[in-house]
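Just below is one structure, and these are the notes that go with it.
Note that the chains take the letters A, B, C and D in the order they are written out, and that residue 1 is the start of every chain.
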Amino acid sequence: MQYSSLKVLENREVAKNIFKLKLEGKYNVKPGQFFMLRSWEDEPTLSRPFSIYDKGENYISFLYEVKGKGTEKLAKLKCQDTVKVLGPLGNGMDISRIKGKVALVGGGIGIAPLFYFAKKIEAHVDIYFGFRDEVYGIENLKCKNLYISTESGKVGYKGYITDIFNPFDYNLVITCGPLAMMKKVKDVCKKTATPLYLLMESKMACGIGACLVCTCKTKDGMKRVCKDGPVFKGEEVVFDA
Amino acid sequence: MLNISLWGKTFKNPVVAASGTFGFSREYNEIYDVSILGGIVTKGLTLNKREGNEGIRCFETSSGMLNSVGLQNPGIDYFIENELPFMKTLNTIIIANLGGGSIEEYVQGAEKLDKSDVDIIELNISCPNVKEGGVNFGIKSNIAREVVKEVRRVVKKPLVVKLSPDAEDIVDMAVTCVEEGADGVSLVNTFKAMAIDIYKKRPVFKNVFAGLSGPAIKPIALRMVYEVSKAVNVPIMGIGGIKDYKDAIEFIMAGASLVQVGTANFINPFACRDIINGIENFLKEEGINSINEIIGVI
Amino acid sequence: MLNISLWGKTFKNPVVAASGTFGFSREYNEIYDVSILGGIVTKGLTLNKREGNEGIRCFETSSGMLNSVGLQNPGIDYFIENELPFMKTLNTIIIANLGGGSIEEYVQGAEKLDKSDVDIIELNISCPNVKEGGVNFGIKSNIAREVVKEVRRVVKKPLVVKLSPDAEDIVDMAVTCVEEGADGVSLVNTFKAMAIDIYKKRPVFKNVFAGLSGPAIKPIALRMVYEVSKAVNVPIMGIGGIKDYKDAIEFIMAGASLVQVGTANFINPFACRDIINGIENFLKEEGINSINEIIGVI
Amino acid sequence: MQYSSLKVLENREVAKNIFKLKLEGKYNVKPGQFFMLRSWEDEPTLSRPFSIYDKGENYISFLYEVKGKGTEKLAKLKCQDTVKVLGPLGNGMDISRIKGKVALVGGGIGIAPLFYFAKKIEAHVDIYFGFRDEVYGIENLKCKNLYISTESGKVGYKGYITDIFNPFDYNLVITCGPLAMMKKVKDVCKKTATPLYLLMESKMACGIGACLVCTCKTKDGMKRVCKDGPVFKGEEVVFDA
């Protein structure tokens, strides 16, 4: 983990309100890990967490959706600007632990971390990505089978990705996206007893496990998404009503 | 030039990491060597393990943040066994922050900490008193008096009382704590505050209220430190929105011997380190030989 | 849908310009037609003309500002003769903010304002009591009680008491004011705060302390409004760091019938106008028929 | 007076830490008037006052020194960015009132408003500008006589401009600069009984006369620099010790 100022190599709008940010830097990163980013001085007060989307020899990249103040400021970044970056953070997953036939189920911007999972295990992975309307972030995505759904019907299956996803065939499922989607995935995986990993989200302050504001309820008590997660076992997480 | 001797201990500089923002220091120690700090205050500890609050625990506000962690901690025994040994390997002063929901709980916790290897105990009286239906111990001086008196009885180590800015009269509160034997006071804790989700038409936090910290509160915290420093003659730890060396020096000039840095660690993980360096440069540039010369110069 | 009827008057919307930030409305009226406002509170008025404080009067802080204007105003007679006639040409509710340094001064001022054409009197009790050596009237409920009682005796118009966030117990303070006949309360005024010039080694302000306002204080002010609204059943004007319609709606949901906008006018001269429009859009989008439906829904 | 978003036509560093900012807009402005500028959202809280430096048919321009947060943000402006602008503000001076031989005495960035005075009355004006080291802002400056001083001796007279300024010859003196300089100018003008106008500075919040935080002490009580000033008669202003 290190705290550095990285140079922007690219910051491009790849779909409406969806940007790809490429920063110069050499890192060892596991899929599911994230970085705290900050391209501003005072406001907003806190830095923002973003999952590793892709990485190369000399760069790391992120895929982000513009939601509020922080991402609006990121969206203004130009080449050569610098961003303060803390990371890599979180547990992430040892790829060696990922065996057999794997399904990655992502919804919306939740696909961002899954891209890097796919890259690492492309040989034995099927992908299920659901979008609202526009499809993004799948450039250079390699996998055995790619299933796409859009709520608008613009591309692929018209409806939710969970409508067409069946865990039965898989040895492992990894999911990231809106809470409602992840709950649904958890439910179906329970029925088929398929091992599941969830990538949880939470508002973060320190990002490194020191402040306890980012907790998620688990069977073993409150756990820190930033340190004990963001990758949690499906059966571990307790979803509130 | 940054050394400060207090309570028979030497702080290598006046910068201390504030309770609840620095965990048990392991995490920040992965980013930089936290032994450079003057001191480190632990996450608030209670006699028994606590899970803390459910629901959202953090919300941002203009130049500040609200938190509602609710004293999640592994309990004092666990701390002494599993966290303190690591902290003691650090070359800095370790301050245990003690919380509680009743006087008995405070006293029992204090007894354990007093027997442990921590250097100093910081008594956090801004906890809701579970026996009195959640009323905060830190609001009325006469209620605080009872806690401090009882805890003092069992604590031989230096005892610092951490004050809440929601106290009815912060100066009277400080004076009361000193009367009951506090060796120092630290202030301020977070301000009772709130936020509303206008779309859901309900408070953002399950507990309705949460604690405000960060640069937003600095001007009020500074005023309180100044007022308290005029009224008591024990050392003061100044806390509240300190984000850079200039803020730290303001608190020191207002009367704080030490400063604690909380939320700023989230804004800049190097905040404490940068503040230490900044203070040193300031003293050099202004031709001041020792930090002690400017404590309370205002 | 934005209309609110209070004290026998109709506010066309809940947005009121706060005292001391809007002068006597002439200046902002050059930027936009201030008749669109729900109401306007005048600069704090005292019986006699006051020059206010010397030295620096303004200092910026994170998401806030400190001011030390010191009640500079032309006096009530001058106001009634030279400013009020213009304000009465505006199609909005005019609220006179009354300050003073002694109970007699308050009472004499109140008598004059009560005979004038102002719609409402807002009694600012956060003034230093010159007779009691500068102790603030707004800190202790029993001291505030005397002022409110005496002023109420001579005021037939609606009387709103403006509370200080430095009150020892803001809820008790509000209850006391209502007991003494206040028709409403407005809160909060600025927080007692300070800043230090570390190079000159002295406070930035001649008076040492100054009042903190702006977005920084919002979460605390909102909490206070919420707590007070649970304790009194008179209308409340919510004040403190409101900068956009979302903030305004939070205060309204917390129990404020009206909101006052102060420092935000400096951040965005159109702030009040933008907030009015923002509230209207919010209600439409959320399918709420009238602002009255969300007052105090939390 | 109006509140608008204006487009940046130019923002150029003309000397170390001194920038010229040109904004697109049509305004009627008197010399000595100023605008409140803001190119940021939240921080710093308040907008910043800057004097009119020059104006053309379709633009207004400012000359500013980078001092703190606000001016640092202004310095980052690029062409096509927008700035929020409130003004013109303050009394300014009716040029018709400026008669006879006029001296403009400026120190440092205090020369900014005097440039526009000079432009309006170039036929009968002498200029005395003092700088620390580098000389700036005098491009296209027309006047009868131009006296320059630098403390470093880099250009012109080595020393303070007040060392070489004598009000004796003039019917009117207008000055703007550091307080110490303006006090000095006031003293010498008093001796020669030369009418003097001072351009005062003060921290501002509203900028339009509503909040009373920007007052300056005068013989007739506290006056608002933003509304009753910034141009004050020399004899009016009471300088504190």
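The rule is short, and it goes like this: a contact is a pair of C-beta atoms (placed from the backbone, for glycine too) under 8 Å apart; a residue touches a chain by one contact, two chains touch by 3 or more.
By chain, UniProt protein names: A, D = Dihydroorotate dehydrogenase B (NAD(+)), electron transfer subunit; B, C = Dihydroorotate dehydrogenase.
Note that the structure is predicted; figures quoted are calculated from it, not measured.
Participant: Could you tell me which chains make contact with chain A and chain C (Dihydroorotate dehydrogenase) both?
Facilitator: Both chain A and chain C (Dihydroorotate dehydrogenase) are touched by B, D, going by the contact rule given at the top.
Participant: Going only through chains that touch each other, what is the minimum step count from chain A to chain D?
Facilitator: Minimum number of steps from chain A to chain D: 1.
Participant: Taking each chain's centre as the mean position of its Cα atoms, how many Å separate chain C (Dihydroorotate dehydrogenase) from chain D?
Facilitator: 35
Participant: For chain B (Dihydroorotate dehydrogenase) versus chain C (Dihydroorotate dehydrogenase), what separation do you get between their C-alpha means, in angstrom?
Facilitator: Centres of chain B (Dihydroorotate dehydrogenase) and chain C (Dihydroorotate dehydrogenase) (C-alpha means) sit 34 Å apart.
Participant: Centre to centre, by mean C-alpha position, how many angstrom separate chain B (Dihydroorotate dehydrogenase) and chain D?
Facilitator: 47
Participant: Of all residues in chain C (Dihydroorotate dehydrogenase), which are in touch with two or more distinct other chains?
Facilitator: Touching at least two other chains: 61-64, 214-215.
Participant: Touching at least two other chains at once: which residues of chain A meet that condition?
Facilitator: Only 42-43 qualify.
Participant: Under the touch definition given earlier, write down the residues of chain B (Dihydroorotate dehydrogenase) that touch chain A in their complex.
Facilitator: The contact residues of chain B (Dihydroorotate dehydrogenase) facing chain A are 20-23, 26-28, 30-31, 43, 51-52, 54-65, 67, 69, 72, 214-215, 263, 265-267, 269-270.
Participant: Across the complex, what residues on chain A touch chain D?
Facilitator: 41-43
Participant: Which of the residues in chain A end up touching chain B (Dihydroorotate dehydrogenase) in this complex?
Facilitator: 1-3, 42-47, 86, 203-215, 217, 221-222, 227, 240
Participant: Taking the touch rule as given, give the residues of chain B (Dihydroorotate dehydrogenase) at its contact with chain C (Dihydroorotate dehydrogenase) in the complex, in rising order.
Facilitator: Residues 61-64, 66, 168-169, 191-196, 198-199, 201-203, 208-209, 212, 214-220, 222-223, 226, 241, 243, 246, 249-250, 253-254, 282, 286, 294, 297-298 of chain B (Dihydroorotate dehydrogenase) touch chain C (Dihydroorotate dehydrogenase) in their complex.
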